[in-house]
Every structure is written in C-alpha cells, then in structure tokens.
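Sharing a structure below in structure tokens format, with a few things to ask.
The first chain written gets the first letter, and so on, giving A, B, C and D; residue counts start at 1 in each chain.
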Amino acid sequence: MSKDRHDRDSLIIPPHYRKLKRGPQVILPKDIGAIITYTGVNKNSICVDAGTGSGWLAVSLAKVAKHVTSYDIRDEFTQIAQKNKEMEQLDNLILKKGDVTKKISEKDVDLVTLDMPSSEKALKNAHKALKTGGYVVGYLPHFEQVSKFVDNLNKLKFNNLLTIEVIVRDILVREQGMRPSTKGIWHTAYLVFAQKQ
Amino acid sequence: MSKDRHDRDSLIIPPHYRKLKRGPQVILPKDIGAIITYTGVNKNSICVDAGTGSGWLAVSLAKVAKHVTSYDIRDEFTQIAQKNKEMEQLDNLILKKGDVTKKISEKDVDLVTLDMPSSEKALKNAHKALKTGGYVVGYLPHFEQVSKFVDNLNKLKFNNLLTIEVIVRDILVREQGMRPSTKGIWHTAYLVFAQKQ
Amino acid sequence: MSKDRHDRDSLIIPPHYRKLKRGPQVILPKDIGAIITYTGVNKNSICVDAGTGSGWLAVSLAKVAKHVTSYDIRDEFTQIAQKNKEMEQLDNLILKKGDVTKKISEKDVDLVTLDMPSSEKALKNAHKALKTGGYVVGYLPHFEQVSKFVDNLNKLKFNNLLTIEVIVRDILVREQGMRPSTKGIWHTAYLVFAQKQ
Amino acid sequence: MSKDRHDRDSLIIPPHYRKLKRGPQVILPKDIGAIITYTGVNKNSICVDAGTGSGWLAVSLAKVAKHVTSYDIRDEFTQIAQKNKEMEQLDNLILKKGDVTKKISEKDVDLVTLDMPSSEKALKNAHKALKTGGYVVGYLPHFEQVSKFVDNLNKLKFNNLLTIEVIVRDILVREQGMRPSTKGIWHTAYLVFAQKQ
C-alpha cells in the first residue's frame, strides 16, 4: 500500500468535523485544541461562548466540558449550530439568542470564549460571569483587535495574559519522499488568554 | 495597569500545568490540544497511552475522556505520573507497567497515543486494541521516525493518514508596541494520525 | 566523520559575518538577503541607508552594489561601522553623520533602506532621493510601526507595497536523526517594500 | 489613497522578477536572498550553478557576482535561461550544456549551487572546483535528499555545515486592519550550506 493515502484535506477538517455544517467561517481544530489545553477545560467545566457562528467551538467544548451556553445575536447562525448540536447529540449545549456585550446570565463559569467583531466590549460581562481563576479567550484575526482587547483586559482584574498564534503545518509523507506541503493555511486568528484574578 | 503583565512562561506551560511534576521531557499543551481535537476525544472516549513519561498527556486526556490507561516500562516515570494523577484527582486514569510492543490488554478503544523510542513497533497491537474508526497518534521528534511509522501504518488497515507539526508563536503586547517574541520553541515533534479502517 | 559537525551558530551569523563588529542590534543575513532579492540590488545600484547602526546592512549592500551612503545621527555607531568598512575594504561605502528625516543629499538612487525609531518620517526625503522604480524598504520590529509606515507610504507616490516577515529555521542533521532545532529566532522585524511611481 | 494597494503577488515574484520567463519550477527570491548572504557572494565572486532550469538563480547571482557559469543537461531549460540572460543583459553569465556529476571545468570558484535530482553526486566535483573557504549550497525539497547530501558532505573536506529552511510570510496591511495572509507558500526546499576546508 502506498504512502500516498495521506489525507491532505484533514489538515483543516479532520474526519469527525467534516460531517458538521459550516457557515462562511469556522474556528478550526488547531485553535480549538489550544483553547482546551491552555485553559484546562475538562469534564467539570462550565463554559460560555459568543458568537456561536457555525457552532464548531461550542460543539467541541460541549464534547469535553460539563455545560456550554453559546450566544449569538444572528438567527441564521444559531440554526446551523442547532443542526450541528443535534448531529452530535449534545444535551449539555444551550444555544441562546443574545448580546453578551449587554448581558451574560451565567455565573461562576470556568471559561468565556469571545469571537465577535468587538469582543473587547464583552470583557466586563465576561469578568462578572467568570469564577476566580476562570479564563477568558479572545479569537482575534487582526492586530488592532488584539491591541484593543489587551487594553480592555488591563482595565479589569485579569492576569496571566498570553497572546499566541497557533500554526499547523502539513507534512507530506510519500513514495517520492517526505516534505512539508508547498502551500497551506498561515493565519486564522490570534488567541488572547487571561485569567480572572 | 501595564500591558507588560504578559506572561511569557505560559507559552510552554499554562498556569494549570505548572503545578504538575515533570521529568526531562513532557508533551506540551500545544501538541496535546491538537491530539484532542484531531481525534475527537470526548467524555465517552476510552484511551490507551504509552509511554507514560511524566504523564502530562495521560493526565490531560483523563481530564476530558472517560477512561485512560497509560503504559510505561520504566518505574521512575510511573512515579512522577502517579503524583500528577493524585494532584489532579483522576480516578479514571490507570498507570500500568508494561510494554505495548508486546501486549495491549484493552479492547475497543477510541484512541492509542504512542510516544516511545520505537513507536512503530506498537502499531500492530494498537490496531488490535482500537475500535473501527478509532485513532492512533504517533508523537515523533525526528523525520526518520515519521518515515518508519508511516511505513508500518501502511502495512496495516489504517486510513486518513495525516502528519502535522503544531507551532505556537508568542505575541508580545506591550506599551512600546506589539510584536512576536524574538526567540521561542520551534519544534517538539511531528504528530502522525491514522484511523483504523 | 559525524553529521554532528553541523554549525548551529551560523544560523544567525554565517562565518563571513562573524569577523564583523557589532553593537546591541544588527540586521541579520536572513533579512539582508530578502532586501537584496526583493529590490533587485545589483552591481549598478546606488543605495542610501539609515541609520547605519553597526553597518551590517550597509556593508552587505556595498559588497553587491555600486555605491552605498549610510547615514546615522549617532557617533558611536558610525565608529563600529567604520571598522567594519575597513575590515571589508569597501571604498564604495560612505558613512555620513546626518539625519535623513531632515535631508538626503543623494539623487536618482535605486534603494533607500530605513531602520530608525521613526522611519516613516524619512519617507518624503526617500521619495525625493529615489529614481522612478527605485525601492524604499522599512525594517520595522513592531506592528504599530508598520501601520504608520504604510499610512505614510500611501500619502506619497509609491506602489507595489509589500510587507513580509522572513523566518529562517535551523534543521539539525545528526547521527540520531534529522529534525528542526527545538528553539530559535522567531522574529526580528517586518520588512515593508514599496516602489517609487 | 487606500492601504489596499498592497501587492499580494509580489510575495513570490517581486516586479523585477516578473519579466523573466519561467519553466515549471523556479528558485524563489526568498531562497536566492539567503544563498547570497549566507555565502557572502559579492562583486568579486566566481560562481558555478547546476542545473540551470529557468535560470532565475543563475541570473540573480550574475547580477551581484563577477562571473557565473550555469550547467544543465537539458536543452529546453537552457533556452529559457538564455532568454532571461538576454533580457537582463548579463555578459558575465555563461550557460553551458553539461553534467556536473561528471565534470566541472572551473577552478578556484567561490560558490557552487546545486539544484538537481541527485545533487549529492556532484559534491566531489564541487569540492575540486571550489577554493578553500568557498561554499557549496544544495537546494533540496525532500528530507531524504538532505540526509544523503549531508552524508556525502561528511565524506569530503567540508565544514561549517548548516541546513535551513527560509520562510516568507505575507502581512496584509489594509483599511480593515493588519494581519498575516490566510494562505501562502510554506515550503520550497531546504538549503544546505558547507564550506570547503
């Protein structure tokens, strides 16, 4: 059997993600993995997520956490996420229509993930919703967003700030030899982590 | 408050990992995160891990999976891992002394992770232990190891082969401006994923 | 003979650069190489450089170009650069004390390279000094500097704007196997290129 | 004027390279730049290059070096390179049909660059052609090629071995914000450098 069975598409979307529906943009497994390990999400964790989008992050968190509430102000996205939730049979994932810059109802949560046009505006409510030691994570494609997000974090009682970029490179292992693939994904977003003091 | 609170050390070891004991080498959160999302490990997953080493991967998997058995042939490593298991209070993690190239007792498992000097020699037993659709993952620092591992995978009924390298870059967000850090971790190991047919 | 003769230090400083004196910061060969090929500097090129610093860029340009004038407002740096110029016996390199944000005397030059705290303030004079089709290059460590530099470029008649980051990875080829080195240089500066219309 | 004038295509091929003809594969400016600075090629350098291919490396070297001889065993490639030589009016570039694994006529050269299917077979002749302190460079897409090349280097009197990968990332600076581009070139080839003892 040939080494060429290598599955190039799985770089972005491993088999178990491919059955999920997707809108224009999704948070990729490379970033979801770092969110899980850098915040220590586990079977006892209570999470809040916004905006839901296609729900890939919410669904992935619900598979490892105790409970996830995911907010979006856009109806069309909640519908895609609803189908993904049903496909994965996740009773511990609640999809809510709502604006987290105005209100987060949940209390004592372990993790708040923010992927919105102005995520920094939700930091005050995220801080209130988190328990001490809980994490907020910003998913921020542009430098200017990171700068604003960190500025706002610094006005609130957060510590252990960390900004990272997660890069996954695809290595081709074939009959003719082994080499990194010529082209690939270079950037999705920066991840900013901070812990409530 | 200054933007300088940025926590450089957390790049490698986020706060919740710092309390864990470590031997000479550990699998880092950047790689553990990708292992979780690329294989879809979740609260229902049964996992087998070898070798245990300091147990960072085993402990991290046990926090999100139903059950983890971790094998090592070296006593001293099992002791470090035992302390980490106790610190995290993980009743669903079993540490076994044993050689997975000779035998894996577990059946119908969802994931087998291999980080050993000759991981490719454990692939036959990994294949037997896995359920259909279950994943094997090799953690392999050198190119030559990847080549051997993929060669052996191709002799067995595995598909959806994927080899990746996960890179995490640290971005400094400070008063004087924002920039990637000058130096950092470039390489730990390649991750090879394959699914039992 | 062993594969271990691999020379790790040469990543940053190849042998022929090691004899050069250096101050606190130098522009590295990885970035100098891209400056040369992305601007097409050649034996007929007239170049202007500021600030001189330790003169590594000025010296490297003088080795391939027809003539280089390098400006710095700081005396101590011109002295280090003077020694490097003598060591390389480069009669076509002129070291001038002067502030390029106030004046660049040269005309019809092919390349202006800027590595100063506020490089964007020298763009007007760079534009005047350049011939049509000539390149300006900014060496800018922080994102905010890139943003300001590009804003100022856009107010002048420049085109073919390009911003890149040049990354060099060190691959270890040793008896025990081949792998990228564990740690290394991740970031020096962004390079912004633009061509006078 | 908008920040959107950013020229994405120039990442691979800056304006002055675009007029050159190209066959199926060319050595890109990112790699040519590193070859120039890591070997110290300058106006006094005598270079030998093989195989010519489209001649991008040969032409680029001829623009900064004293003299370049480029060998190829394939007629069709020499024709493309001939046109590029004429376009750049480079009298100091000689295109020869010939097999460098059999013979390199030049003596006391400063640089031999090798980009062929079995570059390691030309190392003996490269060593003979080089002056003491002169560099050989291998342009090698696959790991296996690097391994063979380094093995052969180690059988000859070479030192200062260095293997690198040069990566260029494209940063988009636009009205909506600044960010690395989503997709891009990840890998062309490894560069192996060694100096004749």
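Definition applied: contacts are C-beta pairs under 8 Å (C-beta built on N, C-alpha and C of every residue); 3 or more make two chains touch, one makes a residue touch a chain.
Values in this document were obtained by computation on a predicted structure and should not be read as measured data.
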Set of chains whose contacts include both subunit D and subunit B: A, C
Pair sharing more residue contacts (C-beta pairs) when A-B is set against A-D: A-B
Centroid spacing, where centroids are CA-atom means, of subunit A and subunit D in whole angstrom: 42
CA centroid of subunit A to CA centroid of subunit B, Å: 20
Numbers and ranges of subunit B residues touching at least 2 other chains: 143, 147, 169-170, 178, 180
Residue ranges of subunit A in contact with subunit D within the complex: 141-145, 165, 169-170, 176-188
Subunit D partner contacts - residues on subunit C that touch it in the complex: 1-3, 5-7, 10-11, 14-17, 29-30, 32-43, 60, 63-64, 143, 146-147, 150-151, 154-155, 159-173, 178, 180, 190, 192-193, 195
